[in-house]
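For reference, the structures are reproduced in the following blocks.
Each of the next two complexes has chain A plus one more chain, namely chain B in the first and chain C in the second.
For the complex of A and B:
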C-alpha cells in the first residue's frame, strides 16, 4: 500500500505568532527579572521602611552603586565570556594603597591615579594571560591573584592605613553636585558623582556589550568557545580583553572608594562584597556557564541587593541576618535560572 | 495477536509548530517498525512522547492493550520501553557497568552501598547476550561511538525492556559497527521484542524492518509492509513529490593548487600525511573512523596540537607558508559534531548564521551590529536551505537534528569561503536535503571553491568526490581518480584498513 498524498505544506507557518513573539521576547530579555524585582522591592520598602524614600537615603543608595557598580560591570564582561574573576576586590585594595601612598608623598592627584590604573590593568593582564593564553582555570587563577593582591597590599602598607590624601583628589571623586531639597530633608542633598560615573559607564559599556561587534564576540565566546573559535572569532583575545577590562574597573573603584573613605586600607572591600558582586551579576541574568547576562541586568541586580542592605540597615536588622537573607535570595534566583534553562 | 504497542491519535504542539498531528502507529512483538520522514517531520518527537519525555497534547498510548500514561521518562522505563537516543547521553568518566546501571545500581549489603561485582556481572551478561566484546570495567570515554551505542542497547536488554526505540542509530557508525548493530536488531526481533527503528537510510529500513510508517509535517502520510513498496515509492511518500533521476555527472579536474599539506605529524595519530587540494575540486578523504581524518583537519587548523609539517596556501595567487590562524580565517569548516563545535545551541538561528561573518554587519565607528541585516541574511538562508523552523529567532537547540545541520551549513555559506572542509556534512540529514546539499557542494566547486570532504557514507563519496585519498594509519595510502571511484573500490579500501586493524 502506498500512502495517499496529503498537502501539509502550511503546517509550519507560525500558528499563533503573538504568543510566539512574546515567548521570544521574554527569552531574550532576562534582565526583566531584576528590573521587576527592584521596582517591587523599592515600592515595598518605600511604604514599609521609615526614611527609605527620603531623598538623602535615595542619594545614598545611588552613591553606593558607585562602589560596587564598576566591579559588577567588569564581572559581567568576564562572566558573559565564560569566566569568573574572584580577584577584583583585593586588586582594588592593592591599587588603592599604592596610589594613595604616592599621592600622599607627592601631594598631587594625577601620578597616584595613574599608578592605580597601572596596577589594576597589570592584575587584569596577569589574569588574562594565564586564563586566555596559558589556558589555566579561571577560578584557580583569580583565586591566586586574589591572595597575591591582598598579600601585596598588606606587605606594602605593613597593614597600616594611608592617610593625608590631597583634598583635590577627595573633592573630585566624592563630590556631590546639584544640591536640592525634597520631602523632609532639611538640608539640600546633592547627587553623588560616583553614582553618576557608574551610570555613564554602565550606559556606554552596556551599549558596547549588547550592540557592537566586540560585544557579540564576547557573548559568542562564552556561549560556546569551540564553536566561536572555529567560526573565526579570536576567543583568546576576547577572553584576555575581558579580564583587562575587569582590572580597569577595579582601578576606577579604587579611586572612588579611596576618596570616599578618605583613606586607603588593605581591606577596602570586604570579602562578603565579592559575594554581592557575583550575586548581582547572576541575579542580573548571567550564568556561570557563560554566554548570558547583561549590564542592565547586573546594575538592577546590584540595585536590588543595595536596597536590601540599606533597608535592613534602616530597620536595624543584624547584618548577619541580612547575609542569611541575601544568600537565600541568591539561591532562589539561581534556582529560577535553572528552571528557566529547561 | 494484538499489538504490543499502540499509539492512538497523538498530537503535540510546540510554540509555533504542530510537531505531531493525530498520529497513530502500532508495533507487534517480534516486529521491527521503520519510522521515516524528512528532517523535522516529527519522528524524534513521537518517540519522545513514547519515552515519557514529552506529554502529548492529545491521544494516548496502549501497551498490551492497556492504556498507560507516562509523566516522566522513568515511567516509560518501568513499562519496558528503552530509548536509544539520537544524541547519546552518558557519563564519560564512569565505567561501562556504572553507566548501564546508573539509575538502577544493585545495592550491596550496607545501606547506600553499591554491589559493584553484581553490576559488573549483569553488565557482562547482557553484553555477552549481544555478542559484544566490550569490557564492563572500561571507561565510557575510551569507547567509540558504536561501542557506546552497544552499551546503551545492553542497558536496555539488562532492564528487561521489550520495546526498544532506535533514533538514527547508524549515522555515526563505521561499516563494521553498522553490521554489528544490524545483527543486534535482528537478535532483539528474534527474542520477540518490539522494535522501532528511525533512519534516513532507506536501504537499512528495507533490510531490517517488517513494516514502515512515513511522517511528513507531523502527519502520518503512509504505512504498510516493507515488502510491498519499492525504494522510490517510499522516497515519494517522504518528500511528497515524484523524485526525478539526477543526471550522471563528470568528475572535475580541478585547477591550480590551493592548499598543500606536507608531512603533517601528530604524536600517535598522524604520521606524515601530505596532500594537495586544488581550486574547484571536491577532494574526498576516505578511511575508517579513527584513521586520523578528523585529527588531520583539526591539527592543520590549529584546533589540536601539530607536531610537525608545512601548510602552504595560495593567497591571491601567491603561494606561501601560513599559520594555523591564517588558514582558519580562510576556511569554512563544517565539523563532525554540530552540538559541540558547530552551533551555539542556546542562541537564536540568526545569531548562529551571522557568527562567521560578523564584521560584515558592523556599521560606523562604534562598529554597531546591524541586526536587521543579520536577520535578513538568516531569513534568506532559511528559505534557501529549506530549514524547517517557525522563524529565525528560534533557538538552534530545539530544531530537529537535520535542520540543525542545515544551520551549520548556512553559517558557512554566508562566508563564501575559498576552502570548504566538510566532516560528515549530511549526518542526520534526510534524503531530499542530502540531494540539495550535494548540489550545493557541486555548485560551490564549479564556482572555484576547494572542497575537502570527509564522509563515512560510501554513496556520498561516490556522488560528490572528484578525487579520493585513502588515509590509513595517519598517512595517505592511496589515491583514486575519476572512474576508479566506485562503491566497490571504496568498500575494499575501507575493509582492507579495518582488516589490518582487527
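For the complex of A and C:
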C-alpha cells in the first residue's frame, strides 16, 4: 500500500465506537459526569464497604455536604464568571469568631448571626471591588484577603476558641429532624438540617444560575468578558455580585460549622479543604477559564469527594494513601478540564 | 510542644496504678475496634503516639484494631472524621483534639451512638457540655515538680544555698505551661525557695534568651534556673555562656538547671553534665496506658478520674541506663 493516503482520524477510533459516543456525550453534558461518577461510586461502595449504606452513614455524608456545600456554591458562581476565590475558607473563620463572640457576650443568636453575615459580605465586597472595579487579579486579591481574614481572626481571638454559645443557636443549626431507624442503626438517626439547608440553597441558586437572565449573564461574562460587555452586560456588576455571593456563602458556612462544633476557632477550615472545594467545582464541570459549570455538577462533585473520604475512613485506609488518591483524582479532573476546552 | 488543658480532677501516681489495677476490670469479648481521630502526622508527638499505639495494640492480649484518621489540623475535618468512625461502628472513639472545645460535639455524637470516647493528651475543655469517658494525658504539674525537686536535693547534697529560682515559662495562655509553673512553686515551697521572676519564653529559645539575659543581671546570685521545656535550652545556654556561667556540674561556675520533656538537646546537656534534671514528656507511658484502657472502655467500664502519666526524671547519673533509654521517644 506504499504511497496510499490513509485517513488516521477515520481508522484510529471508529465513529460508532461506544467509548467515543460516551466521550462526546459527557463533553456535551459536563454536569452529568459527576452525577454518573457519584452514582456508580455509591453503588460500588454500598456493595463493598461495610456500613456505607447504613442510614447513620448516609446521614453523616449528607450532613458533611452542609459543611462545604455552601462554599462550593459560592465558588461555582465565582468560577463560572471567570474568577477564583481562595479566601472563602478563612472568611469562614473570621465571620465565625466575630459572630460567636457577640453571641457569647449577648447570649443571643440573632445579633451574632447578623454579624457573621456582615463579615462574610464585607470580605466578599472587598474581593468584588478589587477584582471587578479595580481590575486586580483574582488570584492575588483573594490570596491577600485569605491572609487578611486569617490574621484578623487570630488577632480578634488571640488564637483562642470562642465557646459558650447559646444552646438555641447550636440546637437550631446542628439539629437533626425526622429521626428514623434503618439498617444496622439501632438508634434513630435524624436528617441533618445543614444538609437540607445546602440542598435548598443549591436548588434555588442552581435555578438562578441556569434558568435566569442573571445566570446567563454570569456565564457570558466568564466565557468572554469582551463579548459580554459589547452585548450590554454590566460585567463589573456581575463579577462583583459573584464575590459578594461567595462571601455570603462563607458566612452561612460559618453559622453551620460554629453550631456543629459548638465553638468558633481560627482553624475551623484549613487550606486542604480549599482544594476539596475547587476540586469539587471542577469535577462538577466548572472550568478554571470561566464560562462553564453548574451548581448541580458542583454538588455532585462534592458528593463524590465526600463519599471517597468517607469510604476510606470506613475501610481504615491510611489518610495519606487517601490524600494521594484524591490528589490523583484532582490532577485527572484538571486534565479533563483541559481536554474539554480543546 | 504540646499544649495541654485539663479539668480539676487528676489522678496521679498511685491513682494511675489504681485505675490500671482495678479489681472491677471488665474485659471486652473478641476484637476491639478503636477509631483514632488524630490532628495529623506532622508533629513528632502525633506521629510517635500513632506508632506507639499501634505497637502496644499489636502486643496487647486483647485483639485491638486501630482505625486511623488524620485531620491536617482542620477542626471541621476532625469532626467529619469522628463522624465517619462513629458510622463505621467502632467500639471506642480515641480523640487527640485539635481544639479542646470543638471536640465536645464529636464526643456527644459518639455517646449518642453508644460509643465510649477517650481523650488523648489534650483534654476536652472543662466547660464543654460533653466530656470524654476517660482522659489519658501528662501530669504537667508533676513534671516540673519532680525535676525541680531532684535539683533541690542535689543542691542540698552539694551544700549549695537554696534561695531563689529563675523560672523560664512557656506560653502564658498555655495550660501546660501554667501547670508546670504550679509544680515549680510547690517544689520551691517544699525547699524554702522563692521564684525570683517568671520569664516568658513562649517555647522559643530566642525569646527565652531575650528574657533571661537581663534577669540574670538583675539577680547575679541566682544558682538555679528552671526551664518549662528543654526545647528552650539552646537559648539558656547562649545566655549562660555570655555570662560565664555555662559549666558542667562540679565546676564552681555551674548553674543548676532543671527542665522538662527530654528532647535531644536535653539528653545532650544531661550527658555533658550541664543539665541536672529533666522529666520526660512520657508519650510511651501514655500510649501504653491508653491501649490498656481500650478493652475496658469498650466493655462498658467507667472511670471516675483522669489518668495522668508522670514519667521518670532523667539525670546525668541515669541518662544512659537501658531502662531509661527505653522511655525515650523524641530522639
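Structural remarks
Definition applied: the second predicted complex is superposed on the first by the 314 of 342 C-alpha atoms of A that agree within 3 Å, B and C clash if a C-alpha of one lies under 4 Å from a C-alpha of the other, contacts with A are read in each partner's own complex, and residues count from 1 in each chain.
Note that contacts are C-beta pairs under 8 Å (C-beta built on N, C-alpha and C of every residue); 3 or more make two chains touch, one makes a residue touch a chain.
Keep in mind that what you see is a predicted model, and the values were worked out from it rather than measured.
Of the two partner chains placed by the overlay, neither chain B nor chain C lies in contact with A:102.
Applying the stated contact rule after C-alpha superposition, one finds that A:233 touches chain B and leaves chain C untouched. With both structures placed on the common chain, the touch criterion links A:129 to neither chain B nor chain C. In the superposition on chain A, A:46 makes contact with neither chain B nor chain C. Contacts of A:316 after superposition: chain C is touched, whereas chain B is not reached.
When the two complexes are overlaid on their common chain A, residue A:213 makes contact with chain B while staying clear of chain C. Residue contacts after overlaying the shared chain place A:54 against chain C, while chain B stays out of touching range.
With both structures placed on the common chain, the touch criterion links A:272 to chain C but leaves chain B unconnected. Residue overlap on chain A between its contacts with chain B in one complex and with chain C in the other: absent. Those residues of chain A that touch chain B in the complex are listed here as 1-9, 11-12, 14-17, 19-20, 23-24, 27-28, 207-208, 211-214, 216-217, 220, 223-224, 226-234, 291-292. If you check the complex, the residues on chain A that touch chain C are 50-51, 54, 56-57, 60, 63-64, 67, 158-161, 163-164, 174, 184, 186-187, 257, 260-263, 265, 267-270, 272-273, 309-310, 313-314, 316, 318-320. Chain C meets chain A in the complex at residues 41, 65, 67-70, 72-77, 79-81, 83-89, 98-102, 104-105, 112-114, 125, 127-129, 173.
The touching residues of chain B, when paired with chain A in their complex, are 15-18, 21, 214, 216-225, 228-229, 233, 236-237, 240, 301, 303, 325, 328-329, 333, 335, 340-348, 351, 355-356, 358-359, 361-362, 366-369, 388-391, 393-395, 411, 415.
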